[in-house]
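Chains: A, B and C, in written order; residue numbering restarts at 1 for each.
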Amino acid sequence: MTYTIQIINMLASMLLLIAFAMLSQRRILSLINLFAWQGLVLSLSTFVVAYSTDQHHLYYSAGLTLLLKVLVLPWLLHRLIRKLNVRWDVETLINIPTTMLVGIGLVIFAFNLAAPISQLSESITRGLIGIALASVLLSLLMMLTRRKAVPQVVGFLAMENGLFFAATSATHGMPLVVELGIALDVLVATFIFGIFFFQIRETFDSLDISNMEKLKDD
Amino acid sequence: MMTTDQRLGILFQLYQSLLVVLLAPLLTGWVNQCRAWLQNRTGPGLMQPYRTLRKLFHKDAVMAYNASPLFRVTPYILFGCMWLAAAIIPIIAVDLPFSPAADVIALVGVFALARVFIALAAMDIGTAFGTLGARREMLVSFLAEPALLMVFFTASLISHSTQLPRIVEALAHHQFVLYPSLAFAGLAFVIVLLAENARIPVDNPGTHLELTMIHEAMILEYSARHLALVEWASSLKLFAYIAIGIALFVPYGIAEVGNWGALPQAIIALLVKLTLAGAALALLEALLAKMRIFRAPEFLGTAFLLAVLGLLIHFLLGA
Amino acid sequence: MIDLQLMALLLTPLLGGLLLAVFGSRSWAAELNSLMSFCTFIAAVVLTMRVIDSGPQVAFNEQFFIDQFNVFLVALTAFVAFTTSLFSRPYMRIEQHHGKLSTQMLHLYYSMYQLFTLAMLTALTSNNMGIIWVAMEAATLTTVLLVSLYRTPASIEAAWKYFILCGVGIALALFGTILLYFAAERVLGEGGTALLWTHLNQVKGGLEPTVLKLAFVFLLVGYGTKIGLVPLHSWLPDAHAEGPTPVSAVLSGLLLNVALCAVMRSKVLVDGSLGTHFAGNLMMGFGLLSVVVAALFLSRQKDIKRMFAYSSIEHMGLVTFAFGMGGPVATFAAMLHMTVHSLTKSAIFFAVGHAVQKAGTQQMENIRGMMQVSPTVGWGLMLGTLAILGMPPFGIFASEFLIITTAMHDYPWTTPILLIALGIAFAAIFGKVQPIVFGETTAHRLPHQPALIPVFAHLLLVLILGLYMPPYLADWYRQAAALLGG
């Protein structure tokens, strides 16, 4: 194994670790900071892949990630929670240790699912798909277990991070046009989330999603 | 007839045993000193633990009238266990005569043995504090031990052996490889180390606050030479844990098999690593806040989780 | 030439979106919206002619691909988008008159409507599996603010649910796309061509089966969320019930089809790679579950738009099931069903929209006697309901008949399940619509003349398709079915 592969593996593990840290996090501010860190790890790993495979468009991806996920989105989220004045602790639907156990279960599931694929690939990508899938599932779990709108959105964005990691590191980057499209979608989605925060708060006087359980099939 | 090699081996084994037992209080002193500096205090000086030990050895022992022999022998067992553990961990060379005994599972067993005795001794007198401390100690260790085992398993998977010298050998003397799984195990190990050595955020070695203390509550009844041995054993335990940490995660610099000439270098490397580790521990303690005792299970649960993640990542990435 | 025609198709809604972003609050915005939709429809017709004449085409450096399968959806999408824009003109004015919408909201609605059309047409015509994903996500993003247009608590809740669930779903689809790329780059090499469907289709036999299997599961679950397959459907009734009716009509009639088209594109690749019926079985399972669950839920609905939303789930389940069965007849039937369902369901939503405006509520127990207030709305609703329930001579009867006979032949055990589910759906919907259409009324007159031409135009088309299938159309469907490996 060369050093670049080792570094990418290391960064992949850090990505997973941050996903877990987010799952266990109780404060919104730390959650957003963790998200920024995850973006940084993602950007670094993209950069290393770009360097090791000598693909120039990946440098753009790395730069774009750095700009979007480390600077712009966390800044937007910080601004949003300042404006909405929501810095309270995150409430979870299930207590955190249980969530973590479920998370471990998800990681095992993801690794199991990805195992045949990692055996296939002889190169740099070995196992990265599994880690990416695990991060995606963990973020999904976070969205499911959080009651407030902002953590749900951070979960959504973290999920996008996991996917982006799969796209750049596991497959050496999708075509640039696709990556640009994805980045644009994420950005627009964040704006729409922002609009939603205000709409929700205007209507419900709170960003608590549990207010929004009126629509049900009885 | 013994060969020169064997003779040298025994010599160095003895040397290491003496080294650890003498160095352990110094490490504790160093950690305390760093902590003092970080808190903008002058600090008691590096030698304070030795002075405390000397003072305690000179005092007359006082025993509760209902203390059983168990209470009496516990400090010796404790000291013996910790000394044994610290002495067999490969810290300067990988093929000392006792090193085959340094199996990671056996090490966990040695620590557990010491813990059983101190917990029994704490309950022996029958005071409320002793029992409370024993109960809390058991709660913490029952969560920390599986995490520690998981950490060891991760390392064993990489080197295909549960013998600490073989693990060190595999990590230190083969081509340098970044192991993501070991990074996870390392984080888990730090948490276990904090919990098992009664450091902040799980316990605070500096106070006797009844609501929070764990370790101190158990040894309240000890005095004089017994207390000295218990304190010394605590220092040895911290030393042993840091030594295990060094052996598992930064073994570089340790002398190779049959290469006695590298020993001076290895000892210097060890001292540097211990100094750094002690400072890092102090820094960590300065940064963290003492958590409520009821949060400790969650904290240790995190350690277990990290160790399991490390294992899983090892299986997935093969590294 | 094909480049130009395609450009016309895609640039018209883009231009419309931009124009309406500027002029959306003018009094003639609704007319402009219809005009742009009409131009898009014309462009679609031209493109369709072209493809019928000269077969599948690639355009713009192979980034776009039009064959018989997607061009029929393009034509359908452009047509329903056009008729919906006609319908929405008076409908939205009445809503504004009732004080439910402000001019700014209409402004948003018009420009988003055009952009939504653009997103759907891009998703349909793109050759790049990655761009298909991007366009599907864009379709969600453009409609999510439309669902919450009324700013009522319920509509915001519905929009949030829609956004989060579809966001999650679409993220899983992206993972599937990444896996697809992962498999493809080993065969096609890195770079631009590895996600192009035409290229993938050529080498599908060489794609790694294990990866494709996993990829398809993710793609099906991901796009399946958009199709509204059970158990990923829970956003769909809410979004349909709480959004403005034109939005319900295009969501139900078009977006679900577009998502299904993406799934079918993936299925072709997976079938080629695996050589088994894995993808088909999965789709049949999801489809059957959707039909049954939706049918059971239908009878419990109180809200009329919600009920028809469940009916959409049921029909999309049926289409998914038919595509899953595969074979020329089932695929043919599935495409026919997609067409007639789109037309009928949007017609129903048009009629329901006006009925709800007249009655002032969406609760079915309070909507009564439409026949008295407005025979056209009443007849539209009645005929639409009969059509959607699969009554002969409407086209849905023909397609359902084909699906069920194929099922009887290939998978006999599914037939009773399907028939019972359809029976339950019939009883549920008909029992509820009948008193709405007939009976004593409390409804009042509307300030604007409702647009009912689209309703009857759609129903007429469905009727024609049921009675007589023009040979060129049948041919066209057959070719498309062959393309899908039927």
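Criterion: a contact is a pair of C-beta atoms (placed from the backbone, for glycine too) under 8 Å apart; a residue touches a chain by one contact, two chains touch by 3 or more.
What you are looking at is a predicted structure, and each value in this text was computed from that prediction instead of being measured.
Chain A has its Cα centroid nearest to the centroid of all protein Cα atoms in the structure.
The chain with its C-alpha centre at the largest distance from the centre of subunit A is B. Averaged C-alpha coordinates give centres for subunit B and subunit C that are 65 Å from one another. Centre-to-centre separation of subunit A and subunit C, using mean CA positions: 30 Å. Per-chain Cα centroids separate subunit A from subunit B by 37 Å.
Residues of subunit A touching subunit B in their complex: 1, 3, 6-7, 9-10, 12-14, 16-17, 20, 24, 96-97, 100-101, 103-104, 107-108, 111, 114-115, 118, 126-127, 130-131. Residue ranges on subunit B touching subunit A, taken from their complex, read 177-178, 180-181, 183-184, 187, 297-298, 301-302, 305-306, 308-309, 312-313, 315-319. Per the touch definition, subunit C reaches subunit A in the complex via residues 63, 128, 130-131, 133-134, 137-138, 141, 144-145, 148, 151-154, 156-161, 163-164, 167-168, 171-172, 174-175, 178-179, 181-182, 185, 190-192, 194-195, 208, 210-211, 214, 237-238, 241-242, 297, 300-301. Those residues of subunit A lying in contact with subunit C across their complex are 55, 113, 116-117, 120, 125, 129, 132-133, 136, 140, 143, 149, 152, 156, 159-160, 163, 166-167, 170-175, 177-178, 181-182, 184-185, 188-189, 192-193, 195-196, 199-200, 202-204, 209, 211-215, 217-218.
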